[in-house]
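One chain, chain A, appears in both complexes that follow, with chain B as partner in the first and chain C in the second.
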Partner chain A sequence: MDWNFIGEIAPTILEGLWITLSLFAWSMLFSTILGLMLALMRLSQIAPLRWFSIGFGWFFRGVPLLLLLFYAFFALPELGDTFLLSPFRAAVLGLSLWTAAYQSEAFRSGIIAVDSGQFEAAEALGMTKLHSMRKIVLPQAARIIIPPFMGNAINTMKQTSLATVITVPEMTLLAQRIISNEFKAVEPLFTLALIYLALTSVLVIAQFGLERTFRLKV
Partner chain B sequence: MSPLVKIEGLRKSFGDLQILNGIDLEVERGEVVSIIGPSGSGKTTILRCLNLLERPSGGLIEVDGQVLCSEDAAGKMGFASKREIRKVREELGMVFQRFNLFPHMTALENVIEAPMAVKGVKRKQAESTAHELLESVGLSHRADHYPLQMSGGQQQRVAIARALAMDPAVMLFDEVTSSVDPELAGEILLVMKNLAQQGMTMIVVTHEMGFAADVSDRVLFIDHGLVVEQGDARRVLDEPQHDRTKAFLHAVLERAPMESDLDAGDDRVGFHVALDGQGGPTGQEVSEAGSEPDELARLAAENERLRRELDGARRQLDRPEAGT
Partner chain C sequence: MGDWDWGVIERSWPLLRDATWVSIQLFFASLVLATALGLLLALMRLSNSRPLRWISAIYVWIFRGLPALIILFFAFFWLGRELDLTPFQAAVLGLGVSSAAYKAEIIRAGLMAVDDGQYEAAEALGFTKAHAMRRIILPQGVRVMIPTYMSNATLLFKSTSLAAVIGLTELTGRSRQLANSTFKPIEILTAAGVIYLVLTSFLVISQGLLERRFRLKS
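The block that comes next holds the complex of A and B.
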């Protein structure tokens, strides 16, 4: 392996870091909101909401992310010009829907793991459903949600690399360009792997911190 | 004046399983009513229907004049609006068998949460009330502890303070000593007894026959979702009229209660009925502990007594969920 070459290409690949991080941040933002809504819908007493949530999870967990990205970028515009998305937006859309399907199950598992007595105690005290969800159930569910939630986050971080296929100039695309221009694969791929590892390591450390924050005081 | 709580023909079924078959119960202001009965008889379901944690299948429930649910001529149930139900719940302080304290909040936060969220009480005011309430249940020194840092008895007393913080008209106690170690039941019962003496209206589902005999004005014996027998606490427990009541009391107490037990000891300590007579503290010893100003000594004596009572009861009672 040519270490000098790595030194030369690393800055080029890192030019895509900002886009990778943006893809990740936007996708996490949307998928967290949507995932929580889907989880609450799934637990709702209103049947059509439950069905929608189940159908959503079934579809977006059942279709490859690659396909979702192709759809968002190539197929959606067929519906009309308003759906003509930039590569970046199409990628955020695909990643958000895909991640939300997984996050909704993380949220739901956390919420149903909270003892039903907690909800009852809150209800018996006259609290509204919204308040007891926000102040009583979710803070306790958080402890249980964190591991699968962060697992999904790590997955999404890595899957931003798939945005390459719809020409989003994130790190993987830049690395691929180097490979085809310089006819050298080992160094760009090695560099890329190191950067992704660094990014996911940050998430692993964040998970430690979150778990400590939400640990029950015994 | 109309009764504070009025239940008429209350029925509840879960699928094919009929739990309540038409319960009638009226509770006046200041009255303490104990509900006893075998496991699965529907005692707990009555309380849970009363604040609509369970939706009744039939019958009428009225709290302080507000109809919570009623049945029309065709037998169709009608329920109060969510808002009205929440309003009534403010008047019904519920204490659960398994405490159900919020584990992510300190004792103090547990007590102030609902007054602030539901009644809009300012934090400062809520905290000062909470400190008073925690003190009244003997836990002012535990205000900043989390539930899991406390014993079962302490958690249950915090739960009582939490319910009282809403300034309810009625307190509902659902087998509140059943999930604590027997030696800790006494401290909970003592708090409840004090409440009763202060004139709180209480509906108590319990296996503590001594407590039922000593503190309640009225005892209901429930079996198979029906009130089998009810009346003055001492009369129901000492001279049960129905065979089923007799059989139940016989099973719960190692032997049928005797007059001499009822006469022994002073009223302040109470819990006469169920002493199992196996060389526990004598009435005299307990009376002395009762007049001892030191709270701890009194609690210790109560605890010891209740532990014996419960041991006896547990041995006799067919209660598969005991100790869970």
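The block that comes next holds the complex of A and C.
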């Protein structure tokens, strides 16, 4: 392995770090909101809302993310110019919907793990459903939600690499460009691997931190 | 939006069908590799030898921390060229070693769920460690592993789509090509999505059957 070459290409690959991180941040933001909504819909009394949530989860967990990205980038524009998205936006759309399907399961399992006596007690105290969800149930569910939520976040961080196939200039695309221009694969891939490993390791450490913060104090 | 064109799906069907077959072969080949390697890693992690435990832990950290796409690139651009592998072989290798890290954790959790008394009883009956593992512990651990193993297998099936990026014409790669050549991305990509949904739903159903088959008869 040519270490000098790594020194030369590392800055180029790192130029894509910002885009990788933005892809991750936007997708996490949208998927968290959507995932929570889907979980609440799944638990609601209204049957069509439940069906929608189940159908959404079945669909987005049943097809590969790569196909979703192709769909967002190549097929959606056929429906009209409003759907003509930039590569970055198409990637955020695909990643958000895909992650939301997984996050909704994380939220739902956390919410149903909270003892039903807590709902009943909140009702007995005259709290509205919305109020008790926000003040009683979700804070207790947070503890249970953290591990699967962070596991999904780590997956999403790794899956941002797929945005390369719809020409988002994130790190993987920049590394691929070096591979095809310089005819050297090991150095750019090794550099790329180190950066991703650092990013996912930071998230694992953040998970430990969060789990400790939300631990029950007895 | 133009009218939905069934004809293009009909004309593309032979190519889509062959590509689906490639995806299925890729799935089974990498599942076998991932399971064998995952079992080996799980046994190493549970062994008394400290170096074996370390190797297994580091393997899992690295391969779970990297995007599967990057591992696939390593397999294709680096090992593939060194060892003269076909894209299919490189894809099996990349997907297999990447998935093995998850399989190792699933198998380890299953083995650890078996009561300690079972090990001790086997030892008391004069079983060697290997014999006890094969005859007493593994059969009981399998029951615990099925749900996580199967949902991980479903993830692996969807990950086979990544092979499109290294030029394999499996289902996603082929439908991307067809979307381009027919100018009907909506029809083609939707057809591919339906095929994926059918196959992943089939895996979910077989998970239910396996769980029933391995349930304790009491």
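The rule we apply is simple: the second predicted complex is superposed on the first by the 218 of 218 C-alpha atoms of A that agree within 3 Å, B and C clash if a C-alpha of one lies under 4 Å from a C-alpha of the other, contacts with A are read in each partner's own complex, and residues count from 1 in each chain.
Heads up, the rule we're going with is that a residue touches a chain if its C-beta (ideal position, glycine included) is under 8 Å from a C-beta of that chain, and two chains touch if they have at least 3 such contacts.
Keep in mind that this is a model prediction, so the values were computed, not measured.
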_Quick check on the superposed pair: does A:197 touch chain B, chain C, both, or neither? Answer first, second, both or neither._
second
*May I ask you to decide whether A:126 touches chain B, chain C, both, or neither, giving the answer as first, second, both or neither?*
first
*asked:* According to the stated criteria, A:139 is in contact with first (chain B), second (chain C), both, or neither; which is it?
replied: first
*Touched partner set for A:46, first chain B, second chain C, both or neither*: neither
_Which chain, chain B or chain C, ends up touching more residues of chain A in the combined arrangement?_
C
_Contacts of A:162 with chain B and chain C, given as first, second, both or neither_ = second
*Touching both chain C and chain B, counted on chain A across the two superposed complexes*: none
_Residues of chain A defined as touching chain C within the complex_ = 58-59, 61-67, 70-71, 74-75, 78-80, 158-162, 164-165, 172, 176, 179, 185-186, 189, 192-193, 196-197, 200-201, 204
*Which part of chain B faces chain A closely enough to touch in the complex?*
51, 53, 86-87, 89-90, 92, 94, 96, 98, 100-104, 113-114, 117-118, 146, 148-149, 162-163, 166
*Using the touch rule from the top, collect the residues of chain C that touch chain A in their complex.*
1-2, 61-62, 64-70, 73-74, 77-78, 81, 158-162, 164-165, 172, 175-176, 179, 185-186, 189-190, 192-193, 196-197, 200-201
*Once bound in the complex, which stretches of chain A touch chain B?*
115, 117-118, 120-128, 131, 135-136, 139-140, 214, 216-218
